[in-house]
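Look at the two complexes coming up: chain A is in both, with chain B in one and chain C in the other.
Up next, the complex of A and B:
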């Protein structure tokens, strides 16, 4: 790269330019020169040395924070996200609409145990998590993680939209089961000849037909706080991976309703704490599309039709880069994000989004889904090792 | 079908009221541009106009979900606006979209159901403000039900019950400008919905993207609908010329 400025006539060495300076002065030309292969049979290599569909090295560490119920540090290249999950109790007596919104017949334990098929349970489940706001993710970018983001500032538009993306992905994937967050209480049946202690009230099998119904006394609310410690592009993948790892790590203490004190008591015995059982393992992969022609976006008359664009394959005009770093994100506008899960080896798309341009078409998206499902295997390994 | 109303407001440079017939969302859009930006927000890209989008929900103040949808709209519209035309660099195009009617959004709700209406209102108000655009577009919402049927423009309650939701924005030249899909689906389902979106937006008659305005047939496509709204407005604006002939 550096020699291209000095070709032709001999120049004094002081006028030659190191690649890092070329990268700052002509960022678009620099990345384009890297991506254009010298011969057509060679693959493109990005400025950071990766292949176009290669992700950065990902490392996951869980249980890093001692005061949180679950925590994780995820590092994707130079992007680092820390996530802590804190569980707090929400008493049903504090929910103003509790008696109105929850029809008692719906909470019938015989229904929840046997009669309900998994589908209706899913819906009931998601309704409660969403209606009662049992999951509260918040992402903070004002940690001095990047030069452009001032530390201590109010949440930027990017931080807010990432928070929303995480929340809506938690809701659409139904990742957390509402049943893990419920604290049940079985009132003792005073009518029966065999008298129960209040502490034994959790058992469902002892319930008799005439006895009082099992009821929910409280919910666990999970506060999911994510801090991006270092931001080098692709914050969403790192943030979502850290949420996933932290939720897998989360242990909720054994809690029960104490009828004498009329309060919830928690056990401090670590062995009694239970983990969350998550639904699936959705993993996000982000991409950006780099256009070879920097001016293509604004010349009115030359934007070709979609059909013509497909035919014109002579010179490569776009490169889809997986897991973009900060430098590449600054040079591209078109983004794509695919969240996939696998069930019995079959890839299921949970979320797919693409905006900011018109270069990525359905054929490209099909390839991106394949790349994402490979990424799923890699990240699953990283998550299970820790 | 309720036709969109253009240039309804007097103060802004352009405005449009769009009511989605199926979902019932009523969006009022206003566009000012090019305007001088108060702060030097153009520091990053001085050679282009900055596109700013504000979304106002009907009953509450804007929250994190609005920030997210603003980001999507900005990236789609910023690519369509010809920000380097004379008078536009270093200035801003401010698009304000108020949700004037329809279902309320709760925290953590998916914003996909309202996204097509917001896109249409923004496009029509930009046309009304004579902001130069490289292409127009139209957007549609699709839901896939449990039985695998593709439903166009499902109502908010039907959208909640569907297995997956898809929003597509197709440009007048046939490009895929925006895709937002969520739920559980595989790529073949997505491809089917994509084909459906292409036919809904472009109309099945012409493949070259140039929608021919025939009688009746063209109004079936969404591109045709947008075109008709603009043509009606121009017809009424220049009515005095027609009368003088």
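Up next, the complex of A and C:
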């Protein structure tokens, strides 16, 4: 029976297999075959059809969520991030160290009115936002966005690291101004009213006699929640772009201290609400480095001869891929992330991070900054269109 | 104790903003917008499959915003939204082999997770699943288990995750909770979840008896003098008081109900004299009609999904 079945089959088993199967069985060789150009004058093309420094199509949509003060949906290829910003109030009476840590000069209204140098303002900002935790970003991956991530579990190491990276980038870029988050109160000056004619010139009196000082009654706390709905590589760029777009969309209601109720009241009027005035527009671009021979670096590490190492390094094939998708991320060790901003056409590096290997050298990093500044133009256009 | 795996806000906590007296507000938010639709007219909704390519099956469902919400979006006057529109993203992972630690199962093991985004409702939700979310997950599992042919996948598991990006209101936002009050919005959320999950399961090519869809009907009284009347696909923000509401998961081809959840007092329904049904029968029939309506959209979405998978082959 068995022999008749084998002889009855006239077709020999085919040795070729479809590309999708090859990609699964030999992922490294598959990507390498794609990247190696057939001739030296042709540019290499990735398995997903993009050029090495090409980013995926990015779309931004803001203001689609009803219950958030600001919201954005960013799609970078198949990676989708939804960000919602909710503002809540932190009364200064709830801050245990308030009044002790607060230097009186910072509350002085004359100081804020004057045109002071922006550097001291920046420092002041950073201190208050960081000390009081006024920005609370949290990223959630437990949405079933990728097969490996179990929903309902506590945040994975990746989710925690991404949340923390977003928080530290928000702090180091000073994106949000602390002054937008403060709610001031000018107590009425009862002393001057007694001694002077209350009808005229009261405003002038309060300022000149230096009655009760203007004080901060509360802060807005921005809860920035990011849900990664679909994860196909490069979650950080998508998450950061969604945070940026949502903060640009955020409107805070007009709020004031009500002395009778001893609480903060807000106006629901849309016309009175104010937008945040952000500092700059830092945009993140992530890269990964794909090595032609994954083991080459290991051998070079063993031999302490520097020259040989250099020669070997020169022959080592590597490709730096912009905006890696999930497949490419799984095949690479070395990552680089560059956050740039532009001011009057000048590129400013806000953050630069590189880890996982030594194939990307300083010349490469210089090129990556150029690529990132091009990406800045593209993404700025996408952010301003929505 | 603070959650050390997440970034926590100020240790003393924060307070949601309180709005000043809205009676004097010029923005006109203090007027309730009543239902413009006919009692048997359903809301439109958008349903698309295959939005999340990393999952074996996925779908996204969004209810059309009410007239008041659409007006508030195009021409914003007040910061308080008049109503809200359900938005649900659903992913299906599997069927996949069960881990070794799980005892042998001759059937497909179904796990459902329902999670509200922190910005989904008027009140900020936490990141950890609370009891209402777990309860919704159990209801959803019951609704889907009756439709899936589970014995075709022994020793396998199926993970269904629903993310509620925007939930429905439980009542009009200006109303204080009263005696008739329950979380009516949950019923709408469950109905949406059932329809979305059904589309995602079909998108993952898992054998089902039929496409199961969710529908909601309610007995509402807009003024105190008249007896409550039956409306399909109720939006709780559009009514003064809801007496009773019902959600079903329904399979039209087999005329079967896999899940039934009825809340409130259905004894005082105003039905026609010739109608011999009791209040809760009318309510269940109404919910089934709503589910039948949702099924037409569900069928279209699944047809699109199948056409797409054939185009890929």
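Going forward, the second predicted complex is superposed on the first by the 335 of 386 C-alpha atoms of A that agree within 3 Å, B and C clash if a C-alpha of one lies under 4 Å from a C-alpha of the other, contacts with A are read in each partner's own complex, and residues count from 1 in each chain.
By definition in this document, contacts are C-beta pairs under 8 Å (C-beta built on N, C-alpha and C of every residue); 3 or more make two chains touch, one makes a residue touch a chain.
Note that the structure is predicted; figures quoted are calculated from it, not measured.
Participant: By the touch definition at the top of the document, which applies to A:350: first (chain B), second (chain C), both, or neither?
Facilitator: First partner only.
Participant: Which partner chains sit in contact with A:335 here, chain B, chain C, both or neither? Use first/second/both/neither.
Facilitator: Touch partner of A:335: chain B, not chain C.
Participant: Once the structures are superposed on A, label A:167 by its partner contacts, choosing first (chain B), second (chain C), both or neither.
Facilitator: both
Participant: If you stack the two complexes on chain A, which partner ends up touching A:140: first (chain B), second (chain C), both, or neither?
Facilitator: second
Participant: Please tell me which partner, chain B or chain C, touches more residues of chain A.
Facilitator: Touching more residues of chain A than the other partner does is C.
Participant: Return first, second, both or neither, reflecting whether A:65 touches chain B, chain C, both chains, or no partner chain.
Facilitator: The answer is second: A:65 touches chain C but not chain B.
Participant: Given the touch rule stated above, what does A:223 touch, chain B (first), chain C (second), both, or neither?
Facilitator: second
Participant: Looking at the overlay, does A:278 come into contact with chain B only (first), chain C only (second), both, or neither?
Facilitator: neither
Participant: Applying the document's definition of touch, where does A:23 land relative to chain B and chain C: first, second, both, or neither?
Facilitator: neither
Participant: Which positions of chain A sit in both the chain B and the chain C interface?
Facilitator: Chain A residues touching both partners: 133, 160, 163-164, 167.
Participant: Over in the complex, which chain A residues touch chain C? Could you list them?
Facilitator: Interface residues on chain A, with respect to chain C: 63, 65-68, 71, 78, 80, 82, 84-91, 94-96, 132-134, 136-138, 140, 142-147, 150-152, 154-155, 160, 163-164, 167, 221, 223, 225, 227, 229-232, 251, 253, 255, 258, 263-271, 273, 326.
Participant: How about chain B: which of its residues touch chain A in the complex?
Facilitator: 48, 63-65, 67-68, 70-72, 75-76, 78-79, 82-84, 106-111, 132, 134-135, 171, 173-187, 190-191, 194, 207-209
Participant: Once bound in the complex, which stretches of chain A touch chain B?
Facilitator: 130-131, 133, 135, 157-158, 160-161, 163-165, 167-172, 297-298, 300, 303-307, 309, 333-335, 346-358, 360-362, 365-366, 369
Participant: Please name which positions on chain C make contact with chain A in the complex.
Facilitator: The contact residues of chain C facing chain A are 5-20, 22, 25-27, 29, 51-55, 58, 65, 69, 73, 76-81, 84-85, 87, 89-93, 96, 113, 115, 117-122, 124, 127, 129, 159-161, 163, 165-166.
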